[in-house]
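Two complexes, one shared chain (subunit A), two partners (subunit B, subunit C).
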Partner chain A sequence: MASLIGLYALIFGLCFSFLIVFFSVKNFRNINVFDNKIIFLTFLQFFFVVVSFLGLILSFVVSDFSNETVFNHSHTTKPLFYKISGTWGNHEGSLLLWLLVLTLFIFLFLLKSKKQTKQYRILTLLFQQIIIIGFFIFLIKTSNPFNYIFPVPDEGLGLNPILQDPALAIHPPILYLGYVGSSIIFSSTLAATSLNYISKEWAKHIKQWVLVSWIFLTLGILLGSIWAYYELGWGGFWFWDPVENVSLMPWLALTTLLHCILVLEKRLVLTSWVVILSISTFTLSMCGTFLVRSGILNSVHTFANDPERGLYILIFLFCLIFLSLFIFFFFHKVEKKNIGNFFWLSKETSILINNWFMMYFLSVILIGTVYPIFLEVISSDKISVGPPFYNKLIIPFLIPFLLAMAIGPKLNWIKSELKIKSYLILFLLISLLLSIFIIKSLNINFLLNTILVTSAFYLFFITSRDFFIKKFKFFSQTIAHFGFSLLILSILFNNIFSTEIITNLRIGETFHDEKFKINFENIEKRNEQNFKSFIGKFNIENFNGNVEILRPELRIYNQPNIVTSEADIKTNLLTDKFMTMNLVQNQDYFNIRYQIKPFMFWIWFSVLLISFGGIISLFQRRYER
Partner chain B sequence: MYGRKVKLRFFFILLILITLVLSVFLILKSLEENVVYFQSPTEIKFLSEIEKKKIRIGGMVKIDSIDIELKEVKFIITDLKNEINVIYSGVIPNLFTEGKGVVAEGYLKDKNFFLATKILAKHDENYMPPEVKAALEEK
Partner chain C sequence: MKDKIFPIFLIIIFLIIFFIFYNGLQNSNIYTPKTNIEKNIPSFKAKIFNTDDNISSEEIFKNDKYYLMNIWASWCVPCRDEHPFLMNLSNEKSIEIIGLNYKDDVVKAKKFLSELNNPYNKIVFDEDGTLSIEWGAYGVPESFLIYNNKVIKKIIGPINENLLLEIKELIK
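And then the complex of A and B:
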């Protein structure tokens, strides 16, 4: 029943798209005032997609197995929370969520853009409707979430247990808000380009949307990373896996765009660059969806999926790219009188330099991600590109990037004097000495690590200083840059100071080495609602004689029948102690991994700070008005 | 001779070109060094020489082949035509099971022995590396 309503609501939603397009075109040509009927229609479309989404949620909650999606991804014994989150934990549901956010955002856009001209608003709506119609057809044709199966099965197949997790329940919606937010930027940039509407005021207005999607994308990536850290049991937060990379690429493009919009807002230069970045941000978000959902990528996160869907997204994507390139080349007019006059030493230049590096990082990740696909098509060689590739190409270039980030905000717009500010040099010396002091006693590559840590400390000190002297105006930028320096520092120290022990133990056995003693005391069995749990008890004694107890867990889920390990993590401000236990088939040995990971808390915290900077910037704008 | 603006633009384009060339060069060079090739046990049998490079081997874990000790795990990867002995010490993923697909990363000692540094886990119990699937279907 609920799925039937859902399906009809979906089809109604599609019909509204055509109505909206019809009335918009009429309004665009004839009348001078914006027709409020259009806003109402957009709201109705959003409303029907919400109804459809609720219909799917309801089918999941009541375990209606006549619905194919529910049958494939749910089970009666699953806790209610995961029944609900299972709605978007699968391909069909997550695309419905995409659509929901698409319609929500265009509705909000129409409400929020009352100060803009009528033509611009309508054209944005039209471009957005092209995307929306594309997704409607995609959803209904290739991945209908409301397919009916007969005879109705008694029991569902269940949700993959590693997806049954609170962080992963909210990770997709938040990430999608970021991904889909970029669609509004895409549509409105295209509209503004075709109407030659790009101005300082436009930049101010679109900046809010850039900020909103940037904040959500940042938080979405953070959540995914936290989930991977404790659930996958590898004790890392970033694996340079293709599925992770495709979320990082739009983030890089969006971050670059955010900085360019700031330049555009102040100086009305770099307009073409802003247009290109808006187009590429959305294209990369779409590519992300395409690559993850088509199963082309050979990723550890791969779930079984269907190549046909990929083909549709690919064609759709090409149409959108073609459309936007067409508009860019034929409608985009470069402002002749105001063309980029800025001195080489200015804020503009430093932002451009960092854009340059950001684009470099982006292309490295892009090539690393898609090169294996191309090679396989061309030569049928199967390869994978691992972390060493990215580390080698990205880490050295972080040094000039960090330095420019520290000095750039200190420069003036248009032209800056080469004044030697004493504190800039003083801080450089302090950071250099501090890093030498930290690195020298360790057995690692001295030169590279020292310079890296120095530049990270440099940014850290300079932004910290800003907290004490700068006015409230730059607070958002300072806090985001400070967060970034903290992030890089924590990642560096996390890499340098991590230790790890991997061993196989039987119950009662003890592992020794010069630093640690790990005793596997016992194992305890428990029966939970939809899994059996085995909890090991380990006593870990370090060289000071301090004993700590860690209890990693093994879960054997009944539907589907999968074994997962739950890490036991003891977190404090300085270090995480991380332990996982794996079962080896038909053997009485358990595979044990014990890790000490310093500064994990600060990695998460600094990303929160970065997005907090965005949030402040968003509300500051409102405040000024 | 030329105006300041033309010179500036020329300089700008030159800078873009240099960065492009430089980054393409860097990326290609790094790709060459860091790419990991994927091979099946049969392909290894027919190798003419053993390279020191890191590779990945994919196949099925042979039934009754897992042998575990304190420090290491030994098992056999098979593609149902040929097989190879693997010695591994490290984290063992939960979906590592006899009769299921596996991908091991590491170095070849000789044509019969492989020293693995990593075993890759998949999230999905029905997932099988495409290479293994193809090998199994051929059989």
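And then the complex of A and C:
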């Protein structure tokens, strides 16, 4: 029943798209004031998508297995929370969520843009409707979430246990708010370009939307990364997996866009950057959807392999690309008078320099992600691109990037004087000495690591100083940049200082090493709602006598029948102690993996700080003067 | 004219990208294991595990004999699960088990084998994972039953009791 309502609501929603397009075109031509009927229609469309979405949630909650999506991804013994999150834990449901956010955002946009001109609002709505219609048809035609199956099965197939996790339950909605939020930026940029509407005021108005999607995208990536850290049990937080890359690429484009918008808000320059970045952010999001959903890349996100779906997204994606290219080349007017007006030592120049670095990082990741596909098609050679590629190409370029990030915000807009400030040099010396002190005792590449740590420390000190000197004046920027320096520092130290022990232990056995003593005390068995759990108890004594107890867990899920291993992580401010236990079948021992990962907390915390900077900026009425 | 060249150039580039992605969609055979069955196995040259010598697929796979090509790694948890079944299967005279050590650390892999015993007649080393891609592997573990240079069965995921019986039935 709920499925049926959901399906009809979806079809109604599509019909409203056509109504909206009809009235918008009429309104665009005739009357001078914005027709409020259109806002109402947009609201109704959003409403019907909500109904459809609730219909799907309800089908999941009551385990209505006559619905194919529910049958494939749910099970009666699953806890209610994961029945609900299972709604978007699959291809069809997640696309419905995508559509929900699309319609929600355009409705909010119309409410929030009352000060803008009628032409601009309507054109934005029209561009957004093109995307919405595209997704409606995609959903109804190739991935209908409400397919009916008969005879009705008694039991569903269950949700992949590694997706049954609180972080992953909220990861898709948050990430989608970021991904799909970029669609508003895309539509409004296309509208503003065609109407030659790009101005300082427009920049101010669109900045909010850039910030909103940027914040959600940052948090969404963070959640995914946290999930990978404790659920996949490898003890890493970033694997340069294609799926992670496709979320990082829009983030880089969006971050660059944010900085360009700030420049545009001050001076009417970098308009081409803004237009191109707005377009590429959304197309990169779409491209990511294509790559992970079509089955070209394999990952946890590849829910089903269906070439028809891949083909549809591909055609749709390229239609949008060609549409935006057309608009860019035919309508975009470069501001001639401001070109070449950049003084070499100014804030905008430093932003421009960092933009190019960002574009470099973006291209490295883009090439690393899609090149294997290209090569396979062209020469049928197969290669796999892994972390060494990214590390070698990205890390050296982080050094000038970090330095420019430290010094850039110190410069004035338009023109600054070249004065050597003593504290800039002092901090550089302190950072250098500190890094040499830390690195010299370690057996790693001295020069590169020292310079890298120095530049990260440098940014760290300079932004920390800003907290005291400028107080709340540039608070959002300071906090975001401080967060970034903390992130880089934590990642560097995490890489340098991590240790790992892998061993096999029977119950009661003890592992010895010059640094640790690991004792496997006992194992406890529990029955949970949809899995059995075995919890090991380990006593770990380190060389100075501190004892820690860790309880890693093995879960045997009943539907589908899969064994997962849950890491036990003891977090404190300095280090994470990370332990996983794995079953070795037909043996009486377990495989134990014990890792000490320093600064993990600070990695998560610094990303939170970065997004917090964005949130402050969103609520700050005025940017710096 | 000059300012038209750039847009046209860009459009051509995007068309090429479209074409490549389109083709990529067509031959994503990695995800449709059925097409691999009954096809000749890919020929390759790879390092023998723990040595510097190379071996070619022609030297490994002979006609009229059954082979089980098993992709494994020491870091792979399900590989430990299926290991006892491989040990069991290694007692069969009519089949040779070939290990494909996937993206692994030689030291850890050796430890793995010394811990759990070695069921493999030969092991080739796939350090960067390209060989497994050529075989159309989903992941680790994965096994291919081969006869007369053809894959007659592909097993995704760990071998269990039923699959073991099925293999034994097939090689009778």
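The rule we apply is simple: the second predicted complex is superposed on the first by the 608 of 625 C-alpha atoms of A that agree within 3 Å, B and C clash if a C-alpha of one lies under 4 Å from a C-alpha of the other, contacts with A are read in each partner's own complex, and residues count from 1 in each chain.
The rule is simple: a contact is a pair of C-beta atoms (placed from the backbone, for glycine too) under 8 Å apart; a residue touches a chain by one contact, two chains touch by 3 or more.
Computed from a predicted structure; not experimentally measured.
Trainee: In the superposed model on subunit A, is it clash or fit for subunit B and subunit C?
Mentor: clash
Trainee: So, A:F322: does it touch subunit B (first), subunit C (second), both, or neither?
Mentor: A:F322 sits against subunit C, while subunit B stays out of touch.
Trainee: Kindly classify A:F374 by the partners it touches after superposition: subunit B alone (first), subunit C alone (second), both, or neither?
Mentor: Touch status of A:F374: second partner only.
Trainee: Between subunit B and subunit C, whom does A:S384 touch in the aligned arrangement: first, second, both, or neither?
Mentor: both
Trainee: Mind working out whether A:L268 is in touch with subunit B, subunit C, both or neither, as first, second, both or neither?
Mentor: Once the two structures are laid over each other on A, A:L268 reaches no partner at all.
Trainee: Just checking: does A:I162 make contact with subunit B only, subunit C only, both, or neither of them? Give me first, second, both or neither.
Mentor: Touch status of A:I162: first partner only.
Trainee: After lining up the shared chain so the two structures overlap, which partner does A:V21 touch, if you call subunit B first and subunit C second: first, second, both or neither?
Mentor: It touches nothing on subunit B or subunit C.
Trainee: Looking at the overlay, does A:F290 come into contact with subunit B only (first), subunit C only (second), both, or neither?
Mentor: Only subunit C is touched by A:F290; subunit B is not.
Trainee: Determine, under the contact definition given at the top, whether A:W356 touches first (subunit B), second (subunit C), both, or neither.
Mentor: In the superposition, A:W356 contacts subunit B only.
Trainee: A:L104 contacts which: subunit B (first), subunit C (second), both, neither?
Mentor: In the superposed model, A:L104 contacts neither subunit B nor subunit C.
Trainee: Would you mind checking which one, subunit B or subunit C, touches more residues on subunit A?
Mentor: Subunit A has more residues touched by B than by the other partner.
Trainee: If you lay the two complexes on top of each other, which residues of subunit A touch subunit B in one and subunit C in the other?
Mentor: Residues common to the subunit A contacts of subunit C and of subunit B are 298, 302, 382-384, 386, 502, 504, 563, 565, 582-587, 591, listed in rising order.
Trainee: Can you name the residues of subunit B that touch subunit A in the complex?
Mentor: Residue list for subunit B touching subunit A: 5, 19, 23, 26-27, 30-31, 33-38, 56, 66, 68-73, 89-98, 120-127, 129-131.
Trainee: Quick one: which bits of subunit C touch subunit A in the complex? Just the residue numbers, please.
Mentor: Touch residues, subunit C against subunit A: 7, 10-11, 14, 18, 20-28, 30-32, 77, 80-84, 108, 115-116, 128-130, 133-134, 138-139.
Trainee: Going by the contact rule at the top, pick out the subunit A residues touching subunit C in the complex.
Mentor: Against subunit C, subunit A makes touches at 290, 294-296, 298, 302, 305, 307, 310-311, 314, 318, 321-322, 325, 329, 373-374, 376-378, 382-384, 386, 502, 504, 563, 565, 582-587, 591.
Trainee: If you look only at subunit A, which of its residues touch subunit B in the complex?
Mentor: Subunit A residues touching subunit B: 160, 162, 232-234, 298, 300-304, 339, 356, 360, 363-364, 367-368, 371, 381-386, 388-389, 392-393, 502-505, 509, 511, 554, 560-565, 580, 582-587, 589, 591, 593.
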